[in-house]
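In order of appearance the chains are A, B, C and D, and numbering begins at 1 in each one.
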Amino acid sequence: MDVGFIGLGGMGRAMARRLLAAGHSVRVWNRSPAPVAELVADGATAAGTLAGAFGAQVVVSMLADDRVVESLLLDEELLAEAQAATHVNMATVSPALARRAAELHARHGIGYVAAPVLGRTDVAAAGNLNVLAAGPAAELDRVAPLFEAMGRRTWPLGEDPAAANVAKISANFLLVSAIEAFSEAAALAEASGLDPAALLAVLTDSLFPGPVYAGYGGMITRQSFEPAGFRLALGLKDVNLALAAGSDAEVPLPLASLLRDSLLQAIAHGHGEQDLAAISTTSRTRAGI
Amino acid sequence: MDVGFIGLGGMGRAMARRLLAAGHSVRVWNRSPAPVAELVADGATAAGTLAGAFGAQVVVSMLADDRVVESLLLDEELLAEAQAATHVNMATVSPALARRAAELHARHGIGYVAAPVLGRTDVAAAGNLNVLAAGPAAELDRVAPLFEAMGRRTWPLGEDPAAANVAKISANFLLVSAIEAFSEAAALAEASGLDPAALLAVLTDSLFPGPVYAGYGGMITRQSFEPAGFRLALGLKDVNLALAAGSDAEVPLPLASLLRDSLLQAIAHGHGEQDLAAISTTSRTRAGI
Amino acid sequence: MDVGFIGLGGMGRAMARRLLAAGHSVRVWNRSPAPVAELVADGATAAGTLAGAFGAQVVVSMLADDRVVESLLLDEELLAEAQAATHVNMATVSPALARRAAELHARHGIGYVAAPVLGRTDVAAAGNLNVLAAGPAAELDRVAPLFEAMGRRTWPLGEDPAAANVAKISANFLLVSAIEAFSEAAALAEASGLDPAALLAVLTDSLFPGPVYAGYGGMITRQSFEPAGFRLALGLKDVNLALAAGSDAEVPLPLASLLRDSLLQAIAHGHGEQDLAAISTTSRTRAGI
Amino acid sequence: MDVGFIGLGGMGRAMARRLLAAGHSVRVWNRSPAPVAELVADGATAAGTLAGAFGAQVVVSMLADDRVVESLLLDEELLAEAQAATHVNMATVSPALARRAAELHARHGIGYVAAPVLGRTDVAAAGNLNVLAAGPAAELDRVAPLFEAMGRRTWPLGEDPAAANVAKISANFLLVSAIEAFSEAAALAEASGLDPAALLAVLTDSLFPGPVYAGYGGMITRQSFEPAGFRLALGLKDVNLALAAGSDAEVPLPLASLLRDSLLQAIAHGHGEQDLAAISTTSRTRAGI
């Protein structure tokens, strides 16, 4: 398929490479030029402009946040002249933006699909992402081969693109919740004479298998937060998306409020660029550890 | 081994039967007589009195809570006349009680081991409990065969019995945290047009495998809370133990505070005897769902 | 003084009338025409356009929120052609907006003063507002006669306009905090067999004199929330301003987070257009009252 | 009247002196002898034993907390032999204790009145306490002259003694709430470039007159917490009473939970023996100030 790909950060580069490896033709665009050159060396072509990227059959975008998507892509002129039949926005953005975007694309006859993903850059490089996809059924069918190239599984979440964004935001909210919970427990353990690592070993072999408790829990028991797999400041961004979605839907989320305050404290204490696991410093500070 | 077993609730009966099945001689005691008769039919003998149970080599107790342990077993006279070398308290009680108990038993020359377990009655019946054990190494060695009969694995957590209680309380705190987090996310999903069951399917196949999210999450997406596998009122008891342990160790646990308030609201709305998953009714009430 | 006055809602009308009554010449502007006609009948002139209002010596604005101020007044063209020496923004807006506005006005040689007020429309009509004023000293001096016409007292809060907005936001945060606190206490009282009105009588005659506890407390004990003196939805707007200011300054405000969730629940239950005192419905719902 | 007075801490001494000054005959008892000698020098007689104090017409007690009241006064033997017609418990204790005490006293034919007070030792010395009184009307009438000697005003709160304890607990909950709210606002102010003292001056002259904001607020703006007028650890005791009362009445009090965590953090950081205003150190620690 002829694909435009917009946004070549760590995730975007890995995903675009998977499309190339699956035999798709990919025109790439990025604000800074170095990643474009890198992908061109891998077989992509340079789109030159956003309009160039929107000249492909399908456009995939993987940008940083609502603000960037809004300023670059929710542009009447760009969409009016686009050739693309479908735009797949794979970034973690707000459901509110998805609703505005879907409406705007519809006015210009372009299908809009929201397809945020679960997985970090190494998972993306291996093509093992979980793709949370929502949009009109025909659009989802059209872009299914792209998802197959990038992910281990596609989860269809209905016709309303915003639903996929709610799912992604919820997943990250649960992720941060689990980390805060273990952080508090680890502080209690340490102050009570129980080795937090021993506690973690029990938990991951019983109630809480899987990557989250083992991975973040391990960083917490070692109090080692670098290099950052998932930056704490990004965790706050995602919790704020959950709170904003809750506000729009009139759903109080007191646990998300608590996470926001814990993360903000960690940032105030200089941990914003460290891994999300550094939220545990807040629990320790509370206890004077 | 000659074992006294005190407390034949659902968990106690299943655990005592595992000891019988492993060939141990078991003298049982229970406040009400019916469970005693049941176990005698299975091969146990009736201890008759608490002193009778403490006439065995080792005593295992599995009572409801701090108050019951305190009033029945932390008794100077009972301990002064006990023959037992070791008392293994497998109930979920406070670390503070463990400290008082260890000190009192030591004065009477009895070893005290705290060994709370992870797993419900069906897990206990299958001998698959995780045993969180702490106490003097020689005592843990002595009772290891009993743990082998009852559990899939024994987790030694050090010399201080209280540490095992901290571990159990922490595990249950994390359990309730995970359920609250999913409850809030499910309310957000429902109010935003995303099917909570679809969200749950994604999560349990990606970030959150294991029994907790699948099991409690399923009850939450179905809003079906009976029969109660783990009564909500017991969940509040355990969260209160976490808060009390935090208070003793001067460790603020704001997430435990939030859970306490959510559980208390669920109880105020009549869900105390339902499954812990009914904490999700609080999230729905907040959102007016 | 020759004054432009922008924004003739309930507060704006009352404040503009005070300026007229003190002998100032006032050119008024409002998005909808009826309030303009009303003020012209009182002796004002119609500014016709925003540029007309900015043709006066001093401009006073009293608009709804950040978004409206941003879109109407933070306009390069408007400010470039303005005659006014000083712009006094008396609305409750964010400190972040004050910083952007001050910088933008400075580039166009216009002094920017932030002067939000404490008091509702009846207080404004009586000229009894408390004016929280911050900005360059010379600018504060210039507009002092206007503040004297509108307020009982002017509180100079330094050279940085944002400080005045922080003060106003803090005052409203404390106001909502007091109301939430009494709401929770009233629910506890009612559920415990203590008449909340008797509790309120004690409190207002001892620890908590003044208008806040008596006024809002009275509405809470009567569970009577109409007519709305201060709309609950506006209370949420102000708490959100506090949270945003906290976020910018890296100051966690867990009590503001709690208030946000209580207010959001009240809105989800249909109380957004009632008085702020309706936040008490959340405490009652929690308790199943 | 012939009065037994039990408990001669700072408050008890001041209150007993007021009774003496009003011409009552007072037999005093205290666990340690020095305060007894002090009051005897002021005209009291030494009761010698608790039974001696209960030999008077009316007994007033002012003990530290539930535990002390329970162990000293809720004693079958003591009450069985008492001559006193009425026992007035003026301590800040739980409504649950009041209910048990009322029931126990009734069985022995003794009237039980709960009459906790608002005011510290200086207020007590001046006879300006607010007396929150509940109990059978005839009992309240009987002891009214004592209240007149000790307080500026008696607030009758109904027949159920527990109601008076709920009122006192609520008042202290509101007090700590106000202090936490101002603490958070002061941290926001300081981090935002607004002088917290200037903020306090505005607030106490407008929305929040009265002793609470001015008094505690002043300590907070000066970050000066000694000598302790109201020890922070006692504040935590009272917030815990509120939470326990909420738990008994199935009333979630999330603001009380937040206060508990803030106070516990302050204690973990070494502020337990300082004034309650030191709760503000928690807000500052959160913000990294």
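One rule holds in what follows: a contact is a pair of C-beta atoms (placed from the backbone, for glycine too) under 8 Å apart; a residue touches a chain by one contact, two chains touch by 3 or more.
The model shown is predicted, which means the values in this text are computed figures rather than measured ones.
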Chain D and chain B - chains in contact with each: A, C
Distance-maximising chain from chain D - centres being C-alpha averages: A
Mean-CA-position distance for chain D and chain A (Å): 53
Centre-of-Cα separation between chain C and chain A, whole angstrom: 38
Junction residues of chain A, two or more chains touched: 246, 250-254, 258, 261-262, 265, 268, 286-288
Residue ranges of chain B in contact with chain A within the complex: 95, 118, 130, 132, 153, 155, 157-158, 160, 162-163, 166-167, 170-171, 173-175, 177-178, 180-182, 184-185, 187-189, 191-195, 198-199, 201-203, 205-212, 242, 245-246, 248-256, 258, 262, 283, 286-289
Contact footprint of chain D on chain B as seen in their complex: 246-247, 250-254, 257-258, 260-262, 264-265, 267-268
Touching residues on chain C, where the partner in the complex is chain B: 254, 261, 265, 268-270, 285-288
